[in-house]
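So, here come the structures, one by one.
In the two complexes below, subunit A is the common chain; its partner is subunit B in one and subunit C in the other.
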Partner chain A sequence: MSDRQPQDPVIALEGLTVAFPRYGGEPVRVLKGIDLALAPGEVVGVVGESGSGKTMLARAIMRLVPRPGRIEAGRISFDGRDMGQLDGEALRRLRGRDIAMIIANPRSELDPLETVGQQIGNVLRHHLTLDKPAIRARSLELLRQVSIPDPERRINAYPHELSGGMAQRVVMAIALACQPRFIISDDATSGLDVTVQAQVLELMRKLVVERGTSLLFITRDIGITAHFCDRVAVLFAGEIVEIGPRHAFFADPKHPYAILLLAAYAQNERLRRYWLGDTTAGAAEGPATTGCPFARRCVRAQDRCRTEHPRLEEMAPGHFARCHFPVER
Partner chain B sequence: MQLLAYLGRRLLFVAPQLVGILLVSFFLLKLIPGDPAVMMLGPFATDDGLARLRAELGLDRSLLEQFLIYLGNVLQGDLGTSWQTTLPVTTDLAQRFPATLELVTLALLLALAIGVPLGVAGARYKKGLLRTTADYYGLFAGALPDFWFGLVLIFLFYTTWALVPAPLGRLDFVILPPPEITGSLLIDSTLAGNWQALRNAAGHLVLPVLTLGLINAGPILKMTQSTMERMLESDFSRYAEMCGLPERVVARKALRNALPSVVTIVSVLYGFLIGGAVLVEIVFSWGGAGQYAVGGVLNADLNPVMGFVLYSAILSLVIYLIVDLIYFAIDPRTR
Partner chain C sequence: MALLTVQGLVQHFPVAGSRKVVAAVNSVSFDLEPGETLALVGESGSGKTTIGRCVLGLIRPTGGLIRYRDVEMGGRRTVRSPELRGKLQLVFQEPAESLDPRQRLYEQIDEPLRALGVNRADREKRVRAAAARVGLREAMLGLYPAEISMGLQQRVGIARAMISEPEIVVLDEPTSALDPTARAEIIDLLIRIQRDLGTAYLFISHDLSAVRQISHRVAVLYLGMIVEQGPAAKLFARPSHPYSVGLLSAVLLPNPTIRRESRISLAGEIPSPIDLPKACYLASRCPMVEERCRTRMPEVETVEPGHLVRCYRHEEVVRDGDAVDYFARFQAEAERILGAGMPPQVSTGQPMNESERGNVDHG
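On to the complex of A and B.
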């Protein structure tokens, strides 16, 4: 396992498992044994459909799993420190300052009653001890950095007065405010139209790469990860089913589900029909099998898949897949 | 500027709204069986006398005609006379409406002072003493009839411990009331420098204000708590938490976002209590507006009732206007 974890990672998840208790039954595990570590400056894309546990991953790293869920097992370390050992106050100081979040739908996540300046200022005031003029100067600088035109005017705008793209930039400004070591982007840019999305992504890439910030880029759009992620991980049913360096992943995807995602993204109709033809995507939930969770939708599934849970195996250097019958090319 | 345009538009609708309210209440009141003439002349009236009185009161005309006559009088500032008090309704209400207003305003201030902090605490803490208090308070305040609670308070504080003056009106009979300026005894006696009256009026206010305040803190608490809980679970609170803002800052943001609902429930309670405090008014012989209107309904004395409706309607419109202005101030999206 150690060979695929980078040396001195900024953030390292080991066996992270998040469970929600269920009345009269086994708890539902929305994340199962996630191992993932990001080197300083590394950008890792995490792709998955809704329900795969993407958002829970972001929230678990923040140690903000919504009730009644909880981190059942595993360890999250930031800069080598076990976050589980930190008290609430220390965790709070970490959030927003060392680990920042870029969210989706920023227009509903920004406080509707506060101006852009107040919201950036809140973060600056509570994490760095700046006085008022310094806060204002820094806020304007941040707005400029995220390419918001006319920051002197926009600093007094309320969220409802911003376009989706502007709001997304404001959220990026807030994330960058304290110069964090690690940023999680949770489905950011998903609500934007394509051109704005491209601009915002380019900006994000530039700001992150320039500063050497590590970025966990969670998305449902596998195509986006091709642009700027160093590594790509595919999440399915709370498990990483494939993870590898970007080039290896896109050139030679191993896991049937990853290929399904790629095919769905591909505009090529023939390729899509080929992969999607006889799968029953979105089939009704059957009884949980002990085997591969993807078995019910997998075209390659065989008897072994239904009984034996596949392990994450190294297919090529740094390229892992969780499949008994990985696709060979 | 936008605000002025908005106010102008609102005021434009005030007159038709008031006429509409009067129209509906007039016809509804006429539906209640009861003949004022019979009530006024008593059991030994002759048919002749009744007919004459009816003609005098205009009761022999059609309902529409009666309404138009009434409306014409109202426009000239004449709300008619109450046959029970034999005084013009405006005179009666000038005394009774402030009595009710003073009571209800103070009660709601008390209710706010209890309901909002408890509601906020109930939403912020998932367990603990404050949370339990909030839960039980909401339950009990919702279940207790206010007049009964008033009687209990009288029994304890007046009958048993004699801590407050007798629950008979707003002032002891031996106390000289201050000259009437605002109608609020507290304010008027302060203005007049009549400390004896001030102390006595305050003593009389304690129990009815406690009664209404403690009971009505219930709905305010419930509303504050549920809205606050919703706000604390909303996207922006979650985001604030992810930004590592301290819990109290997150709570303050949530409260600000919850305030419009609190303002709304208070305005609704205010409008309601003007008439709805009547049982408590009766228990404390308050001589308030609600009591006056109910007396009118029971004795087929319609002018007081109509007058009460008109005054309450105007008050409600004013309250809603104030509420809108508060929304305006709180929420930039309404600007």
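On to the complex of A and C.
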């Protein structure tokens, strides 16, 4: 593909919609028209509460939506190629080699019956044609890259012999084995202690800078995105409700839901109570409306919000929000 | 007289097939006053949970003393003893796993009272009051745990712990499994309950922003030893132990302009509690390590009354630090950013009360 420019997105989602059929009703759309593109070397954070569609986003990009769910509409292109056109074999070649995924809970991702070296070797053998000594050399190099002390010894260790931080690094080494162009991290740092988390983030940052890898960093912890991501996207009910460059987003959040997420960290009770709204359990439950899905929980909601679905609009250069009444500062 | 006194607590667990032990807690001492929150913070493996279990008398300490209302805990005298029933309670990390999936919420909240032999009419009144206190609507009491969100499940866990009107509640990572919004609500709820009922909390957490909000005092644990202990506002603004500095600098607050820039960053991971370091436990990870740190354990020193630290070089740590409470600075910024878009009558409301809690000291 010689006509591709260096700044062309590595991965681009256009109108990505994932639906689960429902017996005798409209399908449930867990992702609705997601548009998102990552430039080479870019880190985009995705935040949202559980059920907002974060993990489904990761799975949809990998084309691993669990049945009976399916990608109902939209296009995912990797390096300009439509992933929807690829057959199973081509997808398998892509996953693990060009696109890698790191998930939470590294212990469940590692095979308890195989050594670290075997598990890294599996990936290398599958995707690259390397002989045994080359695989071993490359595995050791990978373990060194993810700062595992004493790699000659650890390469023979089983997962249960590793601490949580160490296991997460092994998972990262596996993800990095084939020098992917794009990595999805799904809550990968959530189980780690803060000091270990800091080390893992530093490592990811280094890889992104040195190799120009693009990273989609999915997390519940909006604090990490403030220090680690180039752009931040907020997901609510399967839609991006706000996305913008890190500094602009945190200095001038526009969507009431993005503000709610930030207000959750505020100590000032008045601020928090105002933005978090009625926290009496279940106050915000009820049937879906045709309008803004956040309207029911939104302190700024007006009649228009309950009837008309807002569009994602550009508020400032590169800073978009999906709100009829965005906050002005 | 403190409500709870822990002196020189030691807890070692035998290692199967070996003469070695896991030294989970190594000579820990602290007090807990009525109505106060003491936070135990530290990485996994620092002994936080074990201390909580010892305090409840669920495991018998290898050494040291735990006195609740001046009477020793342990042995036969545990949280299960008749005279202590309901006085000490526990809230767990995983709300779903701490509830019985086959019991309705009402029964779960009611259970401690049944165990205490309270009569039916009183029980019903108290269950409804407890549910209201934690923000559960009456209609929800007939539901099962799987039918409600995790934040609500944790409210049930709290209602259940509070219904016997305990004097001490051990909160073992009560917010760690929750979404940010549910987390904020649970923190609020815990603060409000303490204000109303005067319950003392032993708050076990690695979530330092929650600790900052909820605690009066903080004890920083490393490999089962308290390396620093002091009032929350002091400790967060001027941490005196390299480990406290390392922990605080690793916290990422949701504001890209606010971060503790520190020369102290901790390399590696927590060593195994089976082979404890010979002298200072942090020596293998500490950027300020010296020869003496590797040969002899530093004594506990008093920085100022109530603020204790175990480090030879604590004066340098404070001198080289920037003496800024980043949590307080973050809060000030958050008020500015979140204040926009609020109607004026709301944004100019009354100031916060509770000045004794660490959180409003902007010094």
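Rule of thumb we're sticking to: the second predicted complex is superposed on the first by the 304 of 329 C-alpha atoms of A that agree within 3 Å, B and C clash if a C-alpha of one lies under 4 Å from a C-alpha of the other, contacts with A are read in each partner's own complex, and residues count from 1 in each chain.
Everything that follows uses one rule, which is that contacts are C-beta pairs under 8 Å (C-beta built on N, C-alpha and C of every residue); 3 or more make two chains touch, one makes a residue touch a chain.
Remember, predicted model here, so these are calculated numbers, not experimental data.
**Student:** Where does A:Phe236 make contact in the superposed view: on subunit B (first), on subunit C (second), on both, or on neither?
**Tutor:** Once the two structures are laid over each other on A, A:Phe236 reaches no partner at all.
**Student:** Could you say whether A:Ser163 touches subunit B, subunit C, both of them, or neither, answering first, second, both or neither?
**Tutor:** Second partner only.
**Student:** Touch check for A:Phe294: first (subunit B), second (subunit C), both, or neither?
**Tutor:** A:Phe294 contacts neither subunit B nor subunit C.
**Student:** Scan A:Phe78 for contacts with subunit B and subunit C and give back first, second, both or neither.
**Tutor:** neither
**Student:** In the superposed arrangement, does A:Phe217 touch subunit B (first), subunit C (second), both or neither?
**Tutor:** A:Phe217 sits against neither subunit B nor subunit C.
**Student:** Mind working out whether A:Phe320 is in touch with subunit B, subunit C, both or neither, as first, second, both or neither?
**Tutor:** So A:Phe320 meets neither subunit B nor subunit C here.
**Student:** Name the residues of subunit A shared by its contacts with subunit B and its contacts with subunit C.
**Tutor:** Residues common to the subunit A contacts of subunit C and of subunit B do not exist here, since the sets are disjoint.
**Student:** Please name which positions on subunit C make contact with subunit A in the complex.
**Tutor:** That would be residues 43-44, 135-137, 140, 148-152, 155, 179-185, 188, 206, 208-209, 212-213, 246-247, 249-257, 259, 265-266, 268-270, 330-331, 334-335, 337-342, 346-347, 349, 352, 359-360 of subunit C.
**Student:** Which part of subunit B faces subunit A closely enough to touch in the complex?
**Tutor:** That would be residues 235-236, 238-247, 249, 253, 256-257, 330-333 of subunit B.
**Student:** Considering only the defined contacts, which subunit A positions touch subunit B in the complex?
**Tutor:** Its residues touching subunit B are 62, 64, 92-97, 100-101, 103, 105, 108-114, 122-123, 126-127, 158, 160, 174.
**Student:** Within the complex, which stretch of subunit A touches subunit C?
**Tutor:** Touching subunit C from subunit A are residues 49-50, 149, 163-166, 193-198, 220-228, 246-247, 250-253, 256, 259-272, 274-276, 279-282, 300, 327-329.
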